[in-house]
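Two complexes come next, and they have one chain in common, chain A, joined by chain B in the first and chain C in the second.
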Partner chain A sequence: MNIAITDPHLMKSGRSLRSLFQHSFVLTKRSVLGRLRQPAIIAPSFIFPLFFAALGSASFHKLAEDPYFTKNIATSFLNYAIAGAVLQGVLFASISAAADLAIDIEQGFFERLLASPISRTSIVLGRLAGSMVVAMFQVTIFLMIFIGAGARIKSGPFGFLGLVIGGALLSLAMSAMMAGLAIKSGSSEVVQSAFPLIFVLMFLSSAFFPRHYMSGWYRTVADWNPISHIVEGFQGFINQELDFSQFAKAWLLPLAVAIVSIFFALRSLSKRLAGS
Partner chain B sequence: MSSSPVFPSIETGLHAAQPMEVIKVLVQRSMMRVRRMPSAFIPSLIMPVFQLIAFSGAFGFAVTSLGIKNALDWYVPLNAIQGASFGAVGVSFGLINDMQTGFFDRILLAPTRRWVMVAAPLAAAIVRCIVPVAFVIIVGFLGGMNTPGGLLALVCVAISAIGIGLVSCAFALGLTFRIQNLGAATLTQFGIFFTIFLSTSQVPISAMTGWLRSVARINPMTNVLRLARQGFLGDVTWEGSWGGLLAIAVLLLLSCWYAMTGIKKFDQ
Partner chain C sequence: MSDSPILASGLVRHFGSGANIVKAVDGVDLEVRQGEIFGFLGPNGAGKSTTVRMLTTLLKPTSGTATVAGYDVVKNADMVRRSIGVALQDAAIDPLMTGRELLALQAVLYGLSKNAGKNRGEELLERVGLTEAADRRVSTYSGGMRRRLDLALSLVHEPTVLFLDEPTTGLDPMSRLTLWEEVKRLNAGGTTVLLTTQYLEEADQLADRVAIIDHGRIVRQGAPRELKAMVGSPTLSIKVGIDQTDEARSILARFGDLRTTSEGTLGVGLARGAEDVATVIRALDEAGLKVRHLELDEPSLDDVFAEATGYRLEGAGTADTGEKNSEAVDAQESKGRRKRRNRS
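So, the complex of A and B:
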């Protein structure tokens, strides 16, 4: 779609498609290395989710005495908290990855990329793929820490893999949305200012506490909040046997958001290119 | 910043700069900053209210199942303290800005004692604390919070919130004088965040387990929260108050000492 807008000749041959992949791969590598070289920026997306999960499991462990909770939701609050921590970590990391793209624009690196003979689309795709790689790495580390702390994944290695892929897809969706915002605004401050909105969406969902125990308008908001459904898909991988509804919630829902968001990001890129 | 009528006493009559006069002018200047840059202050007003709604909505069941009538009774004092401390830390953002623009060096030239440079931001912090605390309490009342302790309940929450706000501000000042960049305010915010959450912020000690229970028992914030909450859960008693008052007094003493030694280091 936008590939044609940004570079009409790019998709016409297999060679061009190969160069798109090559350029995306190099920029993905740059994005991942950039993340790993800034531990101070990536650390909060590890520390806070793990802290909240530890805090929740030490504070709300009595919820596991409720038969409804143990039968329908999770065997322990630690098991319940895993999905919320994964979601939180991936969302935080995705926002800071998009902020990096905005910093590239602010510092002029983006202009230098445009001046070089590389595919325009790979500038966005490289960043998104980098974000997905970091998310997969992050989810794997989270799961290993939780398993070490006593959590159990009921659906076994498939559930583990399901969650890692789900985390990557969510990262793709959120990074693309934020990358669109970064390209459109060209300001890391604007991208960072989206953080409170994500924070609000996360709290108004079942990321930290089951919807079953909420009431009133709060419950209604949580019911309609897509984050609730994504996180419940993640929880399904950990606390239940595998079934289609988990894949629909944890994979297809983020994928649908990702498709719309990638379109938005590429459109923003086209507009920026047209403007420059 | 160019010369302005904000500092008439300092600029026109250096010999007459009495400590209270300087404090008053610096507080007025801090308030002017709030008026001119509301975007820097508004988050400290909105976030505690949002957290109050989020905590009572999400964790309400966990709290009410422990015998607490209304989740707001449990979370209003917590969020008042949190709002006050984050509001107070905002003062250090102003100080950092003054340091970066060189204005603070000019203030240091004023013929006044160094403790005034700590007392003035602390006085400004009190004003910055009161607004979010009042906002949280109003939202609590609108949401149907109970105050069986009557007016004393509000007094206790105000003392706790302003006390912790002052501690946070003094600690932030001490750190700002030492490292002289925005990292000081961020580090203070992290410190407040972890101190608050590693106490009885979410549930009472009796409902906790493992490491959190051990940490919360020795965390002074647990006593402060007990002081703040008692009037919302029952009557206000000396037994429920002295631990919190003592914790605030000790923390305030330590953090003010940290700020004073910080400004001395800054001078050197």
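So, the complex of A and C:
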């Protein structure tokens, strides 16, 4: 059997969009399998957000007695906590996905890919798509758990879907940003060092507590923090009727960050390849 | 397009800049012929892997040119990648995937259809003896199994040129022999193989020709036999009865310079090489002398290495673990050893 690739048309198509899609698809599959086969790594991105949501619901449930809260924010603190949990879970899982890319570089699998006639872009796209698939799965699980615990999504299935897509876009933005860092540094430790920073940014946002009740510098930081706006977009899908502002915050804002981050990741890849 | 599958001319690779510049490869000229196993021999840091990384398009040369499978490694890097198989140092394999999954992934990356990839994967798993372990995660594989899988992965698209970067480093002797057999089998099927190694024995056993690289430069290149012949002639040691020593000595002297060997034996450096052994024995037999013991001690690649570099690759001949093989031994000690081997 001679299956050496010598046909010029096939060679040309190696650089085509079809190859990019095929390579990205198999690398996405690898990325998802890799995530699912590391329960010890994926578990914290489920356990911690749910723990914080449970803690918040138990501590701040009296907030739901405030008419402003029930009218403008959420019908219950459990409903309010969904968006923060989704955001936290997705951000953590996305950083871990990018750390996997850095591990590929550290352990040499990245070079194995480079030694093959693979579309270079697909190395990054496969990883990002894998992260999005995991995020969609994760958001779905979260929503089902919260609904089981008594939460209600006011905008129904569309809100559910809106949140799933929003989670995927947020995952794309964060994993692209961290993938850029992974490619630039080639170190999983550098990527994982982003965890504390993300934690701080989340606590300085309205992920765990409404901005309306904040004051002073804390409120100012939360007002400027993009995470506040993304999480409020998520909250809108759950606690309000669908409107454009939710899509703008929950979809367009992460998408804008994703576009910049993907550019950063691909540029880092290009620089790394040029450097070698 | 050259007929030689691997051709490098003045290949240079520097790392760093200014005062901190490191010349990892410093003007390598290399020609690997169609269908041969070419051994690239040298200690850690000699420039073997850097050269291979340039030839496999993973690293751009600072200067110089190279073609692999007829394609320029810089201008036609994609075509080079399609033509070669690469098994890099340390078997970089995703431990979370199974052997079968990795082969399927590799098949897609090389443009094989799903069915062709599946069939090729099964064929390769059987060939490297991993069929039973195919659905286990690689994290459960032994070092030898990983190396065999690595080799299988590099063969998915039936490359015409195969690069093996230290394929047996860290393997136990049995796994090493298994891999050697597979490399020989591949080569017999027409695949040109370039393998880097720190093990002199490996190069001696496998390679049709070797290049010895040291400090980024090739210091010797040729067939192991020719290189060894350049270092010195083989020593034939024989033991005869005490009353026949003088007559035996005079016969041996016709074939080369007499050498002192161990006590009670006579030694001769065979001027025309090991081919003369039969002639010597015949001459001794015709003279009615009874040979009680016979031993042929040929110069090794270790001697060639020492001659070329001024130091030895300690333990390289035995190569059981590979951990101490690259330790350089003092040049004086090296020369002393060689003297003892040939003249003591």
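Here is the rule we use: the second predicted complex is superposed on the first by the 261 of 276 C-alpha atoms of A that agree within 3 Å, B and C clash if a C-alpha of one lies under 4 Å from a C-alpha of the other, contacts with A are read in each partner's own complex, and residues count from 1 in each chain.
Throughout what follows, contacts are C-beta pairs under 8 Å (C-beta built on N, C-alpha and C of every residue); 3 or more make two chains touch, one makes a residue touch a chain.
What you are looking at is a predicted structure, and each value in this text was computed from that prediction instead of being measured.
S.K.: So, A:Phe60: does it touch chain B (first), chain C (second), both, or neither?
M.R.: It touches chain B, and chain C stays clear.
S.K.: See if chain A has more residues touched by chain B or by chain C, and give me that chain.
M.R.: C
S.K.: Given the touch rule stated above, what does A:Leu204 touch, chain B (first), chain C (second), both, or neither?
M.R.: first
S.K.: By the touch definition at the top of the document, which applies to A:Gln107: first (chain B), second (chain C), both, or neither?
M.R.: Once the two structures are laid over each other on A, A:Gln107 reaches chain C alone.
S.K.: Classify the contacts of A:Ser215 with the two partner chains as first (chain B alone), second (chain C alone), both, or neither.
M.R.: After superposing on A, A:Ser215 lies in contact with chain B but is clear of chain C.
S.K.: For A:Gly148, select first, second, both or neither according to whether it touches chain B, chain C, the two together, or no partner.
M.R.: Neither partner.
S.K.: Is A:Gln22 contacted by the first partner chain B, the second partner chain C, both or neither?
M.R.: A:Gln22 sits against chain C, while chain B stays out of touch.
S.K.: State which residues of chain A lie in both footprints, the one left by chain B and the one left by chain C.
M.R.: No residue sits in both footprints.
S.K.: Under the stated contact criterion, what part of chain C meets chain A in this complex?
M.R.: Going through chain C, the ones touching chain A are 56-60, 78-79, 81-84, 86, 88-90, 92-94, 96-97, 101, 104-106, 108-112, 116, 119-120, 123, 137, 153, 157-160.
S.K.: Which residues, counting only chain A, touch chain C once they are in their complex?
M.R.: Touching chain C from chain A are residues 1-5, 10-11, 14-15, 19, 22-23, 26-27, 30, 33-34, 37-38, 104, 107-109, 111-118, 276.
S.K.: Which stretch or stretches of chain A touch chain B in the complex?
M.R.: Residues in contact with chain B: 51, 54-56, 58-63, 196, 200, 203-204, 208-209, 213-216, 218.
S.K.: Which residues of chain B touch chain A in their complex?
M.R.: 43, 47, 50-51, 53-54, 57-62, 65, 194, 197-198, 202-203, 207-213
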